[in-house]
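Each in structure tokens, the structures are laid out below.
In what comes next, chain A is part of two complexes: it sits with chain B in the first one and with chain C in the second one.
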Partner chain A sequence: MLAYTVRRLFSSVVLLFIGTAVVFGLTSISSNPELLLATCPPTRCGAEFRSEMIQMYQLDKTIPERYVSWLGDAVQGDLGTAVRDGRRPVTEVLGERLPKTLLLAIPAFVLTALIAVALGVYSAVRQYSVGDNALTAFSFIGISMPTFFFGLLLQVFWGVWWQEWTGTRPFYVTGYHNADFMDLVSSLTLPVATLMLVSVAGESRFGRASMLEVINSEYIRTARAKGLPERKVIFHHALRNALIPLVTIWALDFALLLSGSVITETVFAWPGIGSYFLRSITNYDLDPVMAIMVFTAAITIMFNLIADVMYGVLDPRVRYD
Partner chain B sequence: MTAPLLSVKDLSVTFRSDDGDLTAVRGMSFDVMPGEVLAVVGESGSGKSVTSLAIMGLLPRSARVSGSAMFDGRELIGADLKQLRKIRGKDIAMIFQDPMTALNPVFTIGSQIVEAITLHNDMSDKAAWERATELLNLVGIPDPKRRVKLYPHEYSGGMRQRAMIAMAMANEPKLLIADEPTTALDVTIQAQVLQVIRKAQAVTGAAMVLITHDLGVVAGLADRVNVMYAGAVFESGDIDDIFYRTANPYTLGLLGSIPILTARVSDKLTPIPGAPPNLRRLPEGCPFRPRCVFATEVCHGSEPDLMAVNGGRHRSRCYHIDKVAEARAGSTV
Partner chain C sequence: MNLWRSRKLAWPALLLAFVLIVAACGGDSDDPGADATTTTAADDITTTTAGDTGTTTEGTDAPGTTLAGGDDYCGDAGEGNLIWAHEQEPPDLHLDDPANNLTTTAWARQALLDGLYGITAATTFFPELLAEEAVMTDNGDGTFTGTFVLRDGMVWSDGDDLTADDVKFTFDAIMATVPDTNPDDDIDPADPDNPDRVDPDPELDFPYLIGDRTGYDTITSVEVTSPTEFTITWSAFFGGWKSLFAEVYPSHVFDADPATAAAELNDAFREWTLASGDAIPTSGPMAFESWDRGVAMHFVRNDNYHGSQSPDVENTGIACVSGVDINYVLDTDAQVNSLRSNQAHVIMTQPQTQFTELATDANFTVNPQAGPVWEHWGFNLLNPHLAKPAVREALAHALDKQQVVETLYTPLFGDLLPTAGLGNAYWMSNQPQYLDHQGEAGYGTGDVDAARALLEGAGYVEGADGVYEHPEDGRLTLRVGTTGGNQLRELQQQLIQAQMLLAGIEIMIDNLPGGEYFSVPFGAPVNEAGETNWEITQFAWVGGPWPGGASFSFRTGSGNNPYQYANADFDAKSEECDQIVDEAEAAVCYNELDLFVTTLGPDGESGLIVLPLTQKPSFFAYSNTALSAGAISPDANSAGPIVNVVDYKLAG
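Now for the complex of A and B:
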């Protein structure tokens, strides 16, 4: 297992390098600052500004040359400059924003996983019951509707309607507030709920399918034939098997949340990585865009690796030798 | 005469499905005496397994079960789950057909046996593990001390079935139900596993219901035989009754389809023509009539009862017992 993990780590690094090359190439050709400068009126972009930009983005060099230079800086921990953020280093800005994304991602991930497993088990054990059918309907709505819709819906409900009915506003509708702990929880509630709605819908479907397959297997009948109480049959014998395929889903979902939920953070004006990504794109701020994409790639590769290693831990049949 | 350990009376099982109700077992009645081996023989879909699952209360919710199954003075059909759980694994233990899928892949063999032991006995974990190792030794698993800690996928098929048998005999049950215990195994190890089952039965003194379609297995193990067809018993009797004094055309057909070692190469097996009936639409009269060479006008009327042959415990569901006996005497099978 150790040898496998080390081998996978090496190939992950190679994969990441390939990823950066692709992302750098795409970023460079999709938003050429040279062309942008050409359309910028001289009143706004003077000669001094132009030469500064050309020097900063090395626009006088070819894309491969720029990539090599970017890579050289990147491996030393320099991911460039956030031009629209006081020309501070990108790493510094990301360092401020990452904890806020984590604040959203971790509770959303943990609560989603717990609720999805609980709903999946319930649906599988009570297949085709009223409750299961209701959850199926809920899941399809959750999977089909876009995230921003739920975000806006929650904002309208708690920020407008609830206030009209009761005169109170229990949750912050936008922004990050941390005067005290309750303040923080209040500002976290709606964005976390938005992230969860969609993920719970998807994950509970996987949980249900996985659990159903296990429940109808013969070793579950063996467990019942031993005289085990149903609680132990379901939560010990069945669940342990049903969770194995969910590991991949969790790893990918968590990687997605960690790299910032662009839509949710933007809707709730949450100062995390996701909203910063969208802002940097609209501002043609290239270095942060590049940095966040590379970060996303690294996180995704890392969690895929973690998922594969977890497989070996959870399923005795899987051995990487 | 001693009281039967298990007495099944008029057991019926119906599955509801979108294409209509399917009656898999139609009014089964049989007794199992303490220590006795009863073989239940029949083709796929004749209701053998469903009968045993119904007795254990292990059928899915879509199954409707009626009738009675008295085990050791307790009614099993319709008993609440709490009472059934005390009997399952303790008084009645099961061995399933496919050892590849009947053991939980994520737990060690040892822990699955230990679970069965500690569930019904007040025993420390350490003692239970020792007992599990002892049981593996008893069923002929070499190096049981090491193998008790292995996972099912690290066992061969034959070893897994041995482990299943060890698990089934862990609580010295009064009744073992073995559902096609050798069907999924290589022919070369079927005999070994049967030997282990015989040993397990002898050690525990348990009675056994042996479900199989293999008449060779029956001949080697059983005291009595129930031949099933279309969800009902067609012939019931001692092993000699079934093999040497066959009184039912279906049993005769089964016997005719066994290969014989001493047969000449030119001799052909005699298959039973046709296919088992659709349980949703049984033919009028005797369900075996469309495939039966003895069938006459009377077989179209109503289904024959299970009738006594020569007044003994040997019984057969057929209007033409005499003709079958004549044909039996004339054949060389």
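Now for the complex of A and C:
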């Protein structure tokens, strides 16, 4: 296992290196900071600014040359300058944004996992019951519903309709508010619920399928034949094994949440990495776009590795040679 | 299995109970984070009347107490911050930094710094820091001197006197120079073929970041004669002199050396923070408090404010609201939801279709202004069809501006805009100098017969599908492009496309996203003749109280002239207009200039290169339940929702 982990770590570094090269190339081609000049009148963005931009982004060099230079800086912790964010270091901006993305990601991840497992177990144990069919319908609706639509629907329901009906507004519909704990919970509720919808819908389907496979296996039948209580059969023997395939899903979902949910953060004006990514793209701010893309790649590679290792730890049948 | 059957409802019930308890806990304070609530009689809806960001800081004096202007406008206004939900967060607050997002920064700074002159909703100048109109004197030697008098007793937000020395300091900082450490910086390396590729002064650099020093660069002296009096002398008359010193900077918190001060200003403006950590003192109705990047910017009322002299405001004293929270909400639907849920008090954005919904809702006031931003079609004279005056005039005749206004604008803005549309490229319809030149020429009325007659007179023959063809230049198909994603503008294009088809002119809509449009079809020439890959472009430009700047887009060889228009008479006339001191005479002159570009009158061969369509009203709305009074908020680069912030009153 140790040898495998070391080997995977090494290959992850290589993969990350290739990933950054590809991402840098694509980002350089698709997000040209010179377009910032095109949208700025020459009277404001004159030769001096153009020269500064060319120097800052090394636009007079080839993309491979720029990549080598960027990589040299990046490994030393310099991810460039957020020109359209007060010309501050990108690391400083990400340092402000990442904790806020985590504030959304962690509760969304934990609640999603708990609810999805519960729904998956229920659906599997009560296969083809009314409840199972209802949850199946919910899952497909949840998977199909666009995130922005559900987010706006929650805003209208809790911000407008609920207020009209009751005269109260229990949740913030936009923004990050942290005057006290309840304030924070109020501003977190709707974006977390939006993030959870699709994840719960998807993960509960995985949970159901995994649980069904386990409870139809012979050792579960044996456990029942031995007269074990149903609760012990389900929770002690079946659930623990059914959770193993979910570990991979969780690792990838958490990586996705960590890299910021562009749509949810934008709709709810949440100052995390996702909304900042969109803002940087629209502002042709190359360095933050690149930094977030690389961060996403690194997180995805890392959590894939974690998922693979965890799989081996949790399932004694899996052996890495 | 019995276990599941017997307890199948236990867990869901427990979960439901928990959710209900949490919801109840969250809801019992009416509004999270709200400082105060009030119930209106009309709809019995509890609304936020105070800042709901949790970081509200209130002013030292309650509104409605002693006001600088002796006014009692605020009366029983409620206490709290005005909350403005806006989509664009400025990169920083340095308005002159080219990397900045100009509009949103200018809008924020409107509440912070006053200038010698301000701009009204009718796009005219009014004395802001000045006690009266300045007097401009012709010195007889080609130079001109303006005599200025500041209002008495003005102080900065930190209590220091605001004097003529601050004006001189502002000028000195803008024009400060330092030895040029890297002369190549001033040369455009991306454009080696540009004949203007020379460093204007290889010895010196300007440390203060400002893109354009026009008007400042011809000032030969700023003489302070008393704390409230000063004179400015120009080496030649500059028609836009009132647009200079739109902000005056506080000298007492910066270094006395202009070059050092310029560098300090660059640093301090970014976060509105001095090297000492204090906020830059302000002269406007608000003072800077804090900026939580990505979330909100917070201003607090300036209790030392000298009061607004704008004809647009009713309150001549300090602001009634304790401060302003600018909450950054990128999504326009979410902005509307913020407003409808009373989490924001005002929005000024472009939700467009959602705006109809707000306009018909009694809980909101939609209070747009016909600002100086105007939509138009511009023609590329290098196109063989558009090079013919008959084709351009046919387009002008076929266009039905009234239909455009009544179909797209009247439902949203009522009778705010003249139904005849806009007929002048120099003056806006709400400016007293405005003349509808295109209307007088019979353009913009959807006169299909006149258009067809012109085309046939120019040798065009109607094809089988109703579209005209020219024996040499082919089918009369013209591409119109703009920066995509603007729904109202795209609808406008579609409407005009249908109008043109009636006259046998085929319009192809060819829009691209913002930067792409500027760089691909509109930007770089596609051949050595300088031809660009566009035919008709639709843009919104910004006018102003001094229209002389518009001439840069039409002068021969100007870098800002995309139409390839070249007329020596126009060039001479535009210089002449810019030199006229008398404002009434200058207005007449600019109207004569306009005839060159919006009609075929003075220039029958290459005139009529723009078709003004309409002014662009502001999409501005505020909550009637949260506010008892709103303010006039023009849509212009230098205005915005808090330009007249003194007038807002929270519901009491």
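To be clear about the criterion, the second predicted complex is superposed on the first by the 311 of 321 C-alpha atoms of A that agree within 3 Å, B and C clash if a C-alpha of one lies under 4 Å from a C-alpha of the other, contacts with A are read in each partner's own complex, and residues count from 1 in each chain.
To be clear about the criterion, contacts are C-beta pairs under 8 Å (C-beta built on N, C-alpha and C of every residue); 3 or more make two chains touch, one makes a residue touch a chain.
Keep in mind it's a predicted model, so treat the numbers as computed, not measured.
Contact with chain B, but none with chain C, is seen for A:240 once the two complexes are overlaid on the shared chain. In the superposition on chain A, A:70 makes contact with neither chain B nor chain C. Which of chain B and chain C touches more residues of chain A: that partner is C. In the overlay built on the shared chain, the residue A:219 is in contact with chain B alone; chain C does not reach it. Of the two partner chains, chain C is the only one that A:85 touches; chain B does not reach it.
Of the two partner chains placed by superposition, chain B and chain C are both touched by A:229.
Of the two partner chains, neither chain B nor chain C is touched by A:109.
In the superposition on chain A, A:60 makes contact with chain C only, not with chain B. In the superposition on chain A, no contact is made by A:250 with either chain B or chain C. In the superposition on chain A, A:317 makes contact with chain B only, while chain C stays out of contact range. Residue overlap on chain A between the chain B contacts of one complex and the chain C contacts of the other covers 229-230.
On the chain A side of its complex with chain B, the touching residues are 217-219, 221-230, 237, 240-241, 244, 314-317. On the side of chain A, the complex with chain C involves touching residues 32, 34-36, 38-52, 54, 59-60, 83-87, 93, 96-97, 100, 118, 125-126, 148, 151-152, 155-156, 158-160, 163-164, 166-180, 182-183, 185-187, 189, 229-231, 266-269, 271, 275-276, 278-279, 283-284. Residues of chain B touching chain A in their complex: 56, 58, 81, 84-90, 93-94, 96, 98, 101-107, 115-116, 119-120, 151, 153, 164, 167. Interface residues of chain C facing chain A in the complex, by the touch rule stated above, are 1-4, 11, 23, 25-33, 39, 43-46, 52-55, 85, 89, 91-92, 98-99, 101-102, 184-190, 211-212, 214, 270-271, 292-296, 327-331, 333-335, 337-338, 340-344, 514-516, 518-519, 523, 559-560.
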